[in-house]
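Next, two complexes with subunit A in common: one pairs it with subunit B, the other with subunit C.
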Partner chain A sequence: MFNNKKDKKNEQSTNNQQELQEPTKHYTKSELKQTLDTRTKEEFVNLIKDKVSSPADFIVKNINDEITIIYIENLIEVQSLNDNIISTLQSISEPTPQLIKEKLSLAQVDISNKLDVIIYELIGGAALIHTKENADIVVAKISSYQSRSLSAPENESQVIGTQVGFNENLTTNISLIRRFIKSPNLCNENFEVGEDTVTSISLLYLKGTASEEQVNTIRQRIESLDVSGLIDSAILAELIDDSTKTVFPQMLLTERPDRFCDGLLSGKIGIMMNGSSMGIVTPIAFIEFFHSKEDQNLRWQIGTMLRLLRFSAIIASVFLTPIYVAALTYHYEIISHTLIVPLSESRAIVPFPPILEALFLELIIELLREAGSRLPTKVGQTVGIVGGIVIGTAAVDAGITSNILIIFVALSALASFTTPNYVMANIIRFLRFPIIILAGIWGFLGIMIAVCFLLIHLLRLSSLGAPYLSPLYPLRLKDLPNSLIRLPLSNISRQAVNTRKGDDESTNQENNEKVSE
Partner chain B sequence: MIKRRVLLYYLCIFLLLFGCADPKILERISLAVLIGYDVESADKVTATVALRSVNQELQSIVSIASQTDETSKGTRIKASLDSTKKIVAGQARVILLGSKLAEAGITQALHTTKMNSEMSSGLYFAIVDGEAGPLIERKYENISDIGQHIFYLLEHNIEEQYTVSSTLHETVRDSYSPFIDLALPLIVQDEDDVHISGLAIFNGDKMVGKLVGNEPFYVVLVKEKYNAGSIQVIIPGAPLKKLSNDIPDQLAIAIDSIFSNRKVKLVNKDTPEFELDIKVEGRVLEIHSSITTEDFNVMEILEKEVEKEFKKEIDKIIKKTQELNSDILGFGEVYKANVGTKNVDKKKWKELYPKIKVNANITVELLRNGVFD
Partner chain C sequence: MSQAIQSKQYEKINAFLVFFIICGCQIGVGIHGFQRVIYKDAKQDAWLSVVLSFILAHIVVFVMFKTLEKFDNLDIYGIQREVFGKILGSFLNFVYVIYCTFAFFAVLKNYIEVVNTWVFPYVNPQFIAIAILLLIVYAVTAGFRVVIGISFFSFFFLLWIPPLLIYPLYFTNINYLLPIMEDIIGILKGAYSMSFTIVGFEILNIVYPYIKDKEKKSAEKYAHFGLLFTFFIYIIIMLITLMYFSGPQLERVIWATLTIFNLIEFPFVERIEIITICAWLLIILPNLCLYLWAAYRGVSSVYNLEIKRFTWIFISIIFIITFFIKTRTQINTMNNYFGKIAFIVVFIYPFILFIFASIKKRRKKGTGDTS
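Moving on to the complex of A and B:
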């Protein structure tokens, strides 16, 4: 999956004694690897200024002859700079980096003579303090980070359950997760990915619960990433997926910390990324995309009912329109005698064959949805009304479509919205189109071809090496109570079979522990 | 990898080439709902079809087409020349056979229907007492769609077990079995109405007689189990005379919610002799007002009388079918099961059937009466 070129690069980057190459305007991280030697104030300022492409907000502040502070204006907290650094430095007479570090009343102060370290700290929001004739630079981290406050998750809202979602700040997100799981076994490994973005990525898992093998796989996949930039965890998920050719995602994106932690507890691996409000949970089975955390929070009878409702809605959503098309085009025999009169009457003046009629209506629904989701909320509602009522009734009056198909199409659109996961809901909607076309060409034969293709495709997929269709195939009896249905908690094993550590008899025994115990 | 891709291309081309299925778009076809067959002459058959289609004014209309040819497909081709839409038979619910055709043999009609993959195995067969054509063609005052009317007529009566079930599946099954004869519902046109008059019974594939009135009830009683049947029997009032003087000579009693169970046993292979045990449980729904149904003894007398009446009727039917050599009750199947297929064949059973002896033992239990008790 990842080619050898990247591995070579990694080797290079671990080599600290890399010589500085010809200075060019564009620096890569490895090119900055060098140790500073003693420089004068001007030399040091010019060096740094050159390396960070002399931005307009680059500030050089001379406290006195001996001490110079360099920082980027928009990244630091001015209050902290004034109160904690400048006032302290002014009172120091014989400054050495060691002394400054001791004197500064800040939590995060480092001393470094590595050029790459100080450059990245500078553009990460630190103030660099240069003292006369010293190679060591004091790095005072006073970055100001603007992030929105925690709010309720909007895309995965639920009635019962925690009403807090992740935000874009990795630190806040990790603290949220740590509030849920106070176990010392919670491992948090940090990675920095992206040549230009240098995005922090946290790999979270419960030691002893998560499969060592799967953690290694994920770690290796993240380490061998070679990208210039990484903006959202959805991109990261696609980059480290088992297969990128399929429409089906093999990693769950969630903005709910409770869902995320639930995954960690059952032995899954979580990945959080700075700048993204979505956490990645893997390995995940196909069925789990249709689970909502709310099923767990309700009583098991209601949870089971909701899940069954959702699964039947998905099947209806994918197959209702194709069945209409196939039955009306080829298989009039299967239509019940009570339905045949209203069906044929509603289609009597429609000039198109059922397949065109169905595609036309499905397209309208998709247009409405897309228009509604791109527009501001207030306008979006108007679009819904205009589209739904005006186009719907007008199309029937004009004789372009039949009444009954409008009901089917609206029903299947409605059913597709029951999928709690937005990514999967999109796929469910997308799946309908090829099946409608196949149904229009070959009738039920076409639908069966589509079903077989889909089934084989799903069977071949895996999420982090774990079978995608489990626990249905391969049949995992232990996981069945929490799949299509949801049985009482005492029947649900804590750890999914997909995340078990190995085939060791004793570990399997441990996995059988029930939540109630 | 390349090989797999080439294979995929071949698959696509193959599917696209063979794929162009024959579309039958619902509003562009005429659906034959009811098909009636009559014999015209020696080898020609007349098919009369009630067609349902939809017109541009969004109304569903029923039209009738009738053609004569050697094969039923031939009649369809001919009828197609008269029709603006393609005629398809997949929504056919009932096939009616004229009694003349039934007397000549129904094998051909059955075979044609069975051969047609469009046909549902759940469609009903029925025999018309007279000709099927005029029954379908007639304009009835109160029946707008004759096809639907006859379908509902049969479906509801079969569900209520007033007559035997005659789906294509069951009819073909019975006609293939050498040890049971067909019994199909008999439909009759009566002035401006159509109703079920009884059962047409067959010897082989030829109709040989009919059972009318209450008789189909007893056929079902012997052949099947009742889940919720009902019957009205007339028993002599004499045994109850001592209770009250108001009791008429002929006492009508209506029984419903009938649950029945029957058992047929071959007791003597040589005669052959059968033991037929029927257990009936039911509820008295209606009886003359002078009879006190609360009285245990009265109920016992009633049960005895009903048993007698049942036995009389069943014996009568068995005798009648023996005269016509039509084993509609399926004693042949029991006989075959006991002696083995080697020792009996169709010809031998046909010889044996008129000679069989059936001892019918009927137990009637009247569990409740009405709502008061």
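Moving on to the complex of A and C:
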């Protein structure tokens, strides 16, 4: 599906100059892609005004008889317009585009006679300078950025480590990344995607470390995107995923520049998008979703312990309630005699079968979580209190659920929050429901069927052609020190084998074939 | 007419995975109740039968590799057509496919029977069959890598079983093992009865072309390691069973391993065998997938059939057969027949094939030299 683009641009320059001449996006191509003729001032102004749907903030400013400036008021920096453009232009007597370009004390000034280029620059925040009887237009980029200041990442907080997160501005984000990696090998390719949004996307990777094949694949996927709008990188990640049929994400979204740069250093490919505070890191293995950057910032023994704790929490989170349902519905003989008495006592007044009881309680927990995350923080606390009372005592007193199930459900909810990645944490919670139902149908056999299905499913997945379950399968001994456990840094290889070049074990080719089908 | 498998580079596997394939394919349903069958023949020396049969298995693996190495990139189907000619070769391929189908069915049916007996007496076996078969379809249609991946993970699922067996040791009586080597004929018979349990390593015949070329030499080593691991599991279980049950008792226990698991008791959980039986699904999964894959290789050497279509046809046939074999007696008879066939296919036939292959190769060499 990604192959419908005929010509593949291999060399996409990062240079703005070249980008101007070769815009990636052509909106209503036939109309806009034309070269300007020599026009008078009025003709030019009318043409441009018409093409940008005559907005209210469209300003035409005549410096003198020969020079006219056109800009959109809300997009430009007025200070810069006054100091650098108007004052300079007033002093020029014989204006030609070339001369103006030389005189203007601005870094980003271009000359173009292509209508589409100047239109997009205008709505991107540039001032167009028209000189008398000249087809060439001077494009002075003085756009103003309104962006939130950098703050600590909220969703991926950690105690030890950098306390800075990405914000919504691509330029700021890339400068953050470049502060971490001062390497001339850091490649930054620009794309513009979305017919209406014309969103800037940056593809970042370390040349020589990242796999060329994977960079080509991702480049191809981005170039062949055909969407009208792109608002967040989460949507972008879904659009360029390997498989959309699965619930598991195949690209990591992170708001931490250190995590992002860590990925780049190990040979992964990063994608940043303007307007989104989340960077995409790919290819990513299943296990890496359960890693936190903090594991590496702590001593390795503690890091290992935390990871093992997290993995056991995930297993508990997915399987505790199903095991309760299976054991109480079908296999009560496996419950030891010491445990059966308190269990049956607490179950005695519950009128529902275990599966309904469990689903009911899990649903309450999910409702609480959902309500808590949607409400403003001030009201959010109330939800916690209400929830605590409702599921803490009232449900048991009313005889709707048993005490022990509440412990299980609360424990598994708690365990699911240990997953550092929000997207994956949601999936861990979601996984529980089908397994509870299967456990209600076939007991442990149902749980095992779910386990086998999950295993096969994860084995089938790939992230950018790299196996999803690596380094466990295919077994990559070099990557094992940084997988389920974390060994001292001297044991961890810098480059993830997943991204190794010429890795004949990776499913790259297989995946490319799939893509071309 | 070259039958060389044009397996692409990405489908090739590392040699060490052969270890997991052997373990995954050998340990299946036989382990649940092989003790009784062997005890009937070999009495208290049944563990010697296990040793003997594994020695034989090592020899067979050695011969298999010798045969496979003669034909570089051929699996058994290619070799048979090369050695016996098109008609006889195709017929033997057909026989081998039937054998794989039989093995698949035997594993599936035995597992379902165990589930029906121990865990869910009232669940219709056909429904369990459907669930398992659908899982297999999902796995096999994803290709060879996924199948091998399942055997890899299923091995780690096995590892928690040996530690559990420490518990029954408290109740054992070592005197039950005496006297040793009472009846040589009985031991040999027991080794013969072992064939239902021990088969699985013949999958090497099909897997061999998929091993990375430069690692093919070390594959044999891993195959032997795999056999050693399964030997270790079987011999421990056999010894514990022999020491735990008295003779007449063992003759009446169909699934002795499960009965032993029954003993194990933790403060929070009892009746471990119920969990074990359900968990066994993951352990028989590589068995089933690999046999299906083997059958597919055989069929695709004659007809150009897509794996997806073949898998659906195959499981439909299997599903239909499940209707005909139902009772314990029928399953027992089936197991006996399968044991006999497996003994011929796995233990006798490789030697025959090796002899014919050597003759063929030598003759070819001879004609090559004269012309």
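Note that the second predicted complex is superposed on the first by the 472 of 517 C-alpha atoms of A that agree within 3 Å, B and C clash if a C-alpha of one lies under 4 Å from a C-alpha of the other, contacts with A are read in each partner's own complex, and residues count from 1 in each chain.
Convention: a contact is a pair of C-beta atoms (placed from the backbone, for glycine too) under 8 Å apart; a residue touches a chain by one contact, two chains touch by 3 or more.
For clarity, every value in this text was computed on a predicted model and none was experimentally measured.
Model built by superposing both complexes on subunit A: subunit B and subunit C clash.
By the touch criterion stated above, A:E333 is placed in contact with subunit B and with subunit C alike.
By the document's definition of touching, both partners, subunit B and subunit C, reach A:G443. Touch criterion met: A:L459 reaches subunit C, while subunit B stays clear of it.
When both complexes are overlaid on chain A, the residue A:N155 reaches neither subunit B nor subunit C. In the overlay built on the shared chain, the residue A:S224 is in contact with neither subunit B nor subunit C.
In the superposition on chain A, A:S147 makes contact with neither subunit B nor subunit C.
By the touch criterion defined above, A:N491 lies against neither subunit B nor subunit C after alignment on the C-alpha atoms of chain A.
With both complexes placed on chain A, subunit A has more residues touched by C than by the other of subunit B and subunit C.
Superposed model on chain A: among 26-34, 170-178, 188-196 or 260-268, the stretch of subunit B in collision with subunit C is 170-178, the rest showing no clash.
For the contact definition in use here, the residues of subunit A common to its subunit B contact set and its subunit C contact set are 330, 333, 335, 337, 442-443, 445, 449.
Residue ranges on subunit A touching subunit B, taken from their complex, read 328-330, 332-333, 335, 337, 340-341, 343-350, 353-354, 441-443, 445, 449.
By the touch criterion given at the top, residues 8-10, 12, 14, 16, 115, 119-120, 123, 128, 131-132, 135, 138-139, 142-143, 145-146, 149-150, 152-153, 265-272, 274-275, 278-279, 281-282, 285 of subunit C touch subunit A in their complex.
Within the complex formed with subunit A, the subunit B residues making contact are 15, 19-27, 29, 31, 33, 52-60, 88, 90-91, 93, 118, 120, 148, 151.
Chain contact summary for the complex, subunit A toward subunit C: residues 330-331, 333-339, 442-445, 447-449, 451-453, 455-457, 459-460, 467, 469, 472-475, 504-510.
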